[in-house]
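Below: the structure, in structure tokens.
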Amino acid sequence: MIIGRIIGTVVSSQKDERLLGKKLLIVRPIDLDGKDQSGYVVAVDTVGAGFHERVIVVGGSSARMAEGNKDCPVDSAIIGVIDTIDIEPDETSR
Amino acid sequence: MIIGRIIGTVVSSQKDERLLGKKLLIVRPIDLDGKDQSGYVVAVDTVGAGFHERVIVVGGSSARMAEGNKDCPVDSAIIGVIDTIDIEPDETSR
Amino acid sequence: MIIGRIIGTVVSSQKDERLLGKKLLIVRPIDLDGKDQSGYVVAVDTVGAGFHERVIVVGGSSARMAEGNKDCPVDSAIIGVIDTIDIEPDETSR
Amino acid sequence: MIIGRIIGTVVSSQKDERLLGKKLLIVRPIDLDGKDQSGYVVAVDTVGAGFHERVIVVGGSSARMAEGNKDCPVDSAIIGVIDTIDIEPDETSR
Amino acid sequence: MIIGRIIGTVVSSQKDERLLGKKLLIVRPIDLDGKDQSGYVVAVDTVGAGFHERVIVVGGSSARMAEGNKDCPVDSAIIGVIDTIDIEPDETSR
């Protein structure tokens, strides 16, 4: 999974019927310092995430395992809102 | 999913029979400002999208979940025509 | 799917038995002007494509949906020989 | 699979219910000399790996084949703690 | 599929039980001239490949279709030892 920040929405009326009622959010991947990375992904929100929140995004066929996405044509889903990210860099290099 | 713009078509007569009748469109990924990115993907249209329209493209096995693609040898499908993209950049950096 | 040009073959006698009788071709991805891109992919031919022909290549689990590839350990398949590629660049930038 | 080193954890309380009780670790890919590479991946620990340990990470739908991940919305899992990596570079170039 | 050369092994005792008895090899991707490329992949050997041999590597869910990998948490498998690679570059550019 990757970590991203929600920065927008995509609105589409002419779409696959299994997308009806689904919220399509634009997620910007961030690095572990919280800085924006390049690129974006359009993901289905399945946990009620809010704007600018940091979220966990799952990709590929596993996006269809997220709540409500069974058999849906989606390859990316938001599956968690992040409380904290704890990094423990290794002091002794290998 | 990614966002792209339809820029062309691929015509093939000698092909897998499950592709018969399917429209194979060339989609150029775009960034969130609508500018063309590099590369392209050939995707099956499943929503009746038109030339130059901005569309949502799903990749991987989920492309087979799009309308009419069940068990088809396709890894990319257009699943929505985009009305609007709304970006709300975060004013407070984290 | 991507577009490529067939540039070679891979011969292997010590291999998974489900690859017996399959033609493994080397495909060079090309851009929309027909120019070679970097890299290559080894794909199973499922449509009788010939050397130097432009072909459509499907990747991932969908390669197993191509004719004759059911349950085979292949992640890339040639599913069509291309007749024409028609590009209609957008004159009005967005 | 790739090789990485565990450098952190992600804590999320508002999440898909199938993630309950799962440990989400941040893994930094390393090269074969043990040096950190760029990027990271959030992976479910399924083998009781510890901080800074070198681990094997599986991606895609196969992450759901790891112990306890059946039908879970995860695309990355830690499936082994590495004892040794043995490299035998080829002396005769081909 | 990609082509690589076997350059090492990964030993892990604390691992998913479905990896027991499987040989995890480190494969360096090579280009069509046989030169090493950057990066590496850890793949399960399913054909009895030897050190420094050139092999065909399948990725993604199809790695589970290789002999003995059914339902295993692996995303990369060696499915063939290469005898020859024949390249026929196109003399007439398109």
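We call the chains A, B, C, D and E, going by the order they appear; numbering starts again at 1 in every chain.
Criterion: a contact is a pair of C-beta atoms (placed from the backbone, for glycine too) under 8 Å apart; a residue touches a chain by one contact, two chains touch by 3 or more.
Quick caveat: nothing in here was measured; it's all calculated off a predicted structure.
Shared contact partners of chain A and chain E, listed by label: D.
For this pair, chain C with chain E, the centres built from the Cα atoms lie 19 Å apart. Rounded to whole angstrom, the centroid-to-centroid distance between chain C and chain D, based on C-alpha atoms, equals 31 Å. In chain E, the residues that touch at least two other chains are 60-61, 63.
Shown here, the protein chains touch around one cycle, each chain meeting exactly two partners.
One closed ring of touching chains is present, and its order from chain D going to chain E first is D, E, C, B, A.
Here chain A touches chain B in the complex through residues 5, 7-19, 24, 26, 34, 40-43, 51-52, 54, 60-61, 63-64, 71-76, going by the rule given at the top.
Touching chain A in their complex are the following residues of chain B: 1-3, 31-32, 46-49, 56, 58-63, 65-67, 69, 77, 79-90, 94.
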